[in-house]
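Next come two complexes built around chain A: one with chain B, the other with chain C.
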Partner chain A sequence: MSSKATRQPPTIRIMATSFLVIWLLVAAFPFLWTLWGSFKVEGDFFSKANWANALFGTLTQAETGGSFTGAGYEGAWVQEEFWRAALNTTIVCVFVVTVSLTCGTLGGYALARSTHRYAFWFLLFALMFRAMPPITLVSGYLLPFFEWNLWGHLYTTVIVLVAINQPFTLWMLHSFFKNIPKDLDESAMVDGCTRFQAFRHVIIPVMWPGVITTGLFSFLLAYNDFAVTTMLLSKENQTMIPKIASFLGTTQTKGNVMFAVSAVVSATAPLFVMVMFFQRQIVSGLTAGAVKG
Partner chain B sequence: MARLQLKNVNKRWGSFIGVDNFNLDIADEEFLVLLGPSGCGKSTTMRMIAGLEDVTDGEIILGDRVVNDLEPKDRDISMVFQSYGLYPNLTVYENIRFPLRVRKVPKEKHDEMVMKAIHMTELEDFMHRRPAELSGGQRQRVALGRAIVRKPTVFLMDEPLSNLDAKLRVSTRAQIKNLQSKLKTTTVYVTHDQIEAMTLADRVVVMNAGKIQQVGTPTDIYDMPANTFVASFIGSPAMNLVEGALEGGTFTGEGIRVEGLPTGPSGNVTLGFRAEDAEIVDTGGQISAPMYSIELLGEASMITWRLGGALVSIKTNKEYRAEIGDVVQASIPASICHLFDTASGERIAL
Partner chain C sequence: MKHSSFFWFVLPSTLLMLAFIAFPIVSVVSQSFYTAHEQVVVQVKNCGPFGCSMETSVDQEATAALREAEPLGKFAGLDIYKDRNHLAFGEVAAAWVNSDGLPDFGRSLMNLPFYKAMGFTLTYTAVVTPLTILLGFFVAIAVNSVAKALKGPTIFFSLLPMIVTPLVGSLILFWMVDARGILGTGLQWLTDDPNLSVKASTGLMWIMLMVYGVWHAAPFAFVVFYAGLQTVNTDTLESAMVDGATRWERIRFVVVPHLLPLVTFVALIQLMDNFRVFEPIVSFQASAHATSLSYAIYNDLGGETRLLSSAAATSVLTIIGIAILLSPVLVRTWRDFDRK
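The block that comes next holds the complex of A and B.
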């Protein structure tokens, strides 16, 4: 029930709704187009004759006998062993998130509670490093990594990604911790906790939304990273994103482009599931930092 | 149960002095109130006792051990914070149980101890709620319950009532007083509210600018303020203070002349008296000046004059009426007067 005062005029409402609908279409279209097209053959999805072929799958019907084909997926996952890349991505993401959250919560808490001035400068430097494009760091890494035989391994990439993400996680967690009143740690310590127990039993349970939000962001940074993974991983250790890029790089072979399209869909789907699953925590986490309670 | 001693305790941050040479001996079972305006070092003193703040200099002795270098958890104290400091993710019951859990009190004793604290703080109806679902007064009682659930040697309370509304403050104050007398635990209570200090304390420590101004029972402090700071801080309204000159037992200030004071001291002095001790008279009053304002308080009226730079008020009966600007007289017998040295602010013994 809205009163006359708060009700908006119909023109505004129509404009707002239509804007929203258009925006939604524009935003969702590339995903839907790719999803639909991933079940077609290359001749349809990249049709020079008629773009509508991608919608109706004329050539797909001619080549395979059905409107939809899983050939792209089969090629990517089985023939080109995309599952290996998926596994590598999982390993990289799990370790990056675990390490950066462990260091981030401990460091962010320490910085949030520190009364020293250097805490501020430390965070400022962290921000400067974060502002640097990752590729500037990566080029410097290459030579020592080759010489020390560290190049190409997953763990090297994990370390580099953690190093690049850590400033951001520190910043984010630091501001979450800042919003938790100091009285909470102090009452825990008076009640019989050590500093670490207060952190573990009192602060972290209150911090969950913040930890999950930060974890998700650092997951996304690791998951979507291209610059670092493409430069530092050998072919057999590639994660999903450089693997997709390498499919696209071999357009001479017919069908390989469709592998890329299917792989893109395969790489995007888990993100949707993930965001849906954590949406409540993300929302409360994002707002928790915004307003000082 | 313990005696708490502070010996030459100092707290400095760089060149800023938070607490200056604080000496105090708090007896077992005593209810001691640290009173002073904000920034006077009272909370810092308490936080040093709790171990939340390092002592720059001096010793804090709890029972028979120096606790300067002990962690808060090893000092066997409990503390109630101004903002309560409740654990938002735990229910009332679990909040109160928390100190028992972390201190590894045998599990089978928990329920009995927690329920006892819940009864004492009358939280039976709310014990399964979380702090967010409670009112301010209820939250404060949870904080109290958590403090009393085990038997600490000292209770520390840092302005526990200042976030409550006026009515609730009065009832919670009574509850705290009652709890302390039942538990007989040494208590240090910090407040800037002199009424809280007067009603709760066995002894009050008045502080200003990091220094102790006066230590004494509430009556001592009210009747014999040690200096003009204490005089102007204690009482509602605070003591009237008028600057003037004392010569041969007669005090003379602008619009005021009091005779019959001791003949010994002389020179520039500040005369103090309480609003409730003086009375309005028709003739022969020591104050005779145009009235500055009249305020109705309900049970009484407050008449105010402007004498020199100071506003001087006295209480009279509620039917009294006069117009602003009328010359009104008041009797200030020498027996109700306090004298302070104007330069140092210290009390002049009569």
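The block that comes next holds the complex of A and C.
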């Protein structure tokens, strides 16, 4: 800010600030509105009479006696057993992140250290795989999975998500490992370590920042996935996102839309917390280069 | 690194990718050449009090046995690609002959499922990608020029539309533009038309889907450009100022060229991502107005009868589309590597 070239006259400042305020409203308002509305009854959230009902909860007061109601949450979590979906999501995410990071660090390290041409080809193929829309792959899974009785189970989905995740994880970890100086593990090998020992004792202790960032993006991929989970999971094994989608189809009776609204808010909350704590890592991951989550 | 240690290090990833990415692609391609077995029909002599008649009925057991024995179905060659739901050569030729003028031809093309999906996918990609880049760029410039105290919260809130699950994010918007929601009511008030409904109008539905697309993707462009802005050379900026460049000229001739490689990067990523637009169509329940290639596959795979072959053919066509889009990226990566 000290440089004269970057100093702004007041008019530009005001213009920039007002533009930003508008953008922030556009970015954040829908979430706040839905969070607020999720504690109302359907008649208020979708108000025929007056949109301001959603703010003040006129019908909510008439129907339940208070300005806020947790009926939507109770309906979704207890009656429709959303807790089961939340549990499934937790299982899927934990396993996807651990397995894909384990495979990814090994592969990414090797790709970063190998100077042979095949390492480049490997990365090029990974890039091509990265561009495949998951739904096109799903149409290839269904028949073999039915044949071999693999369809519907959580572990199948975990493995599939890990595999779909792999190209991205490899690219990202590969660029992180490139930034760790070669001398580090090479001097360990001069001292008599094998390649794996060097990796185990020298590289693992210093690789955590990159691994955490990559882990965040693996988590996001598993958490946000709809195409794979909706097609490969049986009804009782559904994770949160396909469960929300199924609310839309089945619950058209009065009041049940609020189940979907509160489920949506519940599914957004963990992401909100994650952005709050890991903002720096997410930003660094997005700008890390040729990859994106 | 030695060949053998490289091999052991990449083995787990390689196995996973071969089994769950490379093999499914092969499986999709081969599936697209087969079609489901027809039901086995048998002639049964049915004798009742009024004499005998020949009846045809479906032999369920034989059908099941046949399907069990050859789960791929029977070989159909390129037939599935040529049928009405995919490339529809016959229908396209007929439309070409019968139509008067290009607009009419286009309209009859949009009645064919594959071309309808293709039309929306391409329009979506072509509209959303540049708008995302522009919005991201302006937000980045604006954030760069406000006080430091505002930067943290801005980045936090800007990240939300991108991080939140696409299905959930588009649902949130969809509820707001519902005729009884706040934005829907606002639209009715603006246009002075109390019956206006986004759900009922194809044009509005396309616009809403694209608005969602920009809203969802702009934060990514913003973050990349913002990081790029931090590395703009202040010396160059100052000397441009000394030489008498106005504020706009400084942006035009110093900042934009500096960001240009990032623009290409964001554009390529966005092209790939927008080409597979899928979740918003599910949550907007927009399939009557707009479908995409991914949605067409999803539609074939879901439902009572899983149309595996039809889905497989659409998948192969999608993969071809992706390959065309991806080729510049591959060439660029190739060149970068050769330069090293």
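Definition applied: the second predicted complex is superposed on the first by the 268 of 293 C-alpha atoms of A that agree within 3 Å, B and C clash if a C-alpha of one lies under 4 Å from a C-alpha of the other, contacts with A are read in each partner's own complex, and residues count from 1 in each chain.
The rule is short, and it goes like this: contacts are C-beta pairs under 8 Å (C-beta built on N, C-alpha and C of every residue); 3 or more make two chains touch, one makes a residue touch a chain.
Bear in mind that the values here come from a model prediction, so they are computed numbers and not experimental data.
Student: Record, for the superposition on chain A, whether partners chain B and chain C clash or fit.
Tutor: Partners fit side by side after overlay.
Student: Identify which of chain B and chain C touches the larger number of residues of chain A.
Tutor: Residues of chain A touched, chain B against chain C: more for C.
Student: Identify the partner contact of A:248: answer first if only chain B is touched, second if only chain C is, both if each is, neither if none is.
Tutor: Second partner only, chain C.
Student: Between chain B and chain C, whom does A:186 touch in the aligned arrangement: first, second, both, or neither?
Tutor: After superposition on chain A, A:186 lies in contact with chain B alone.
Student: Once both structures are overlaid, what angle do chain B and chain C make about chain A, taking C-alpha centres and a multiple of 10 degrees?
Tutor: 100
Student: So if I take every C-alpha atom in chain B and every one in chain C after superposing, what is the smallest distance between them in Å?
Tutor: 9
Student: Shared contact residues on chain A, chain B side and chain C side combined as an intersection?
Tutor: Comparing the two interfaces on chain A, one with chain B and one with chain C, no residues are shared.
Student: Taking the complex as given, what residues does chain B use to touch chain A?
Tutor: 50-52, 71-73, 77-79, 81-89, 98-99, 102-103, 143, 146, 156
Student: Please give the residue numbers of chain C that touch chain A in the complex, ascending.
Tutor: Residue list for chain C touching chain A: 1-3, 5-6, 8-10, 12-14, 16-17, 19-28, 31, 71-72, 135, 138-139, 141-143, 145-146, 148, 150, 152-161, 163-169, 171-173, 175-176, 178, 180-182, 185-186, 215, 219-220, 223-224, 227, 234, 237-238, 240-241, 247, 250, 265, 269, 272-273, 275-276, 278-279, 282-283, 285, 294, 297-298, 300-302, 306, 308, 311-312, 315, 318-319, 322-323, 325-326, 329-330, 333-334, 337.
Student: Report the residues of chain A in contact with chain B in the complex, numbered from low to high.
Tutor: 181, 183-184, 186-194, 197, 201-202, 205-206
Student: Where on chain A does chain C make contact in their complex?
Tutor: It is residues 1, 3-6, 8, 12-13, 16-17, 19-20, 23-24, 26-28, 30-31, 33-34, 45-48, 51, 54, 102-104, 106-107, 109-111, 113-116, 119-120, 122-129, 131-133, 135-144, 146-147, 159-160, 162-164, 166-167, 170, 195-196, 220, 223-224, 226-227, 230-231, 241, 244-245, 248, 260-261, 264, 267-268, 271-272, 274-276, 279, 282-283, 286-287, 290, 292 of chain A that touch chain C.
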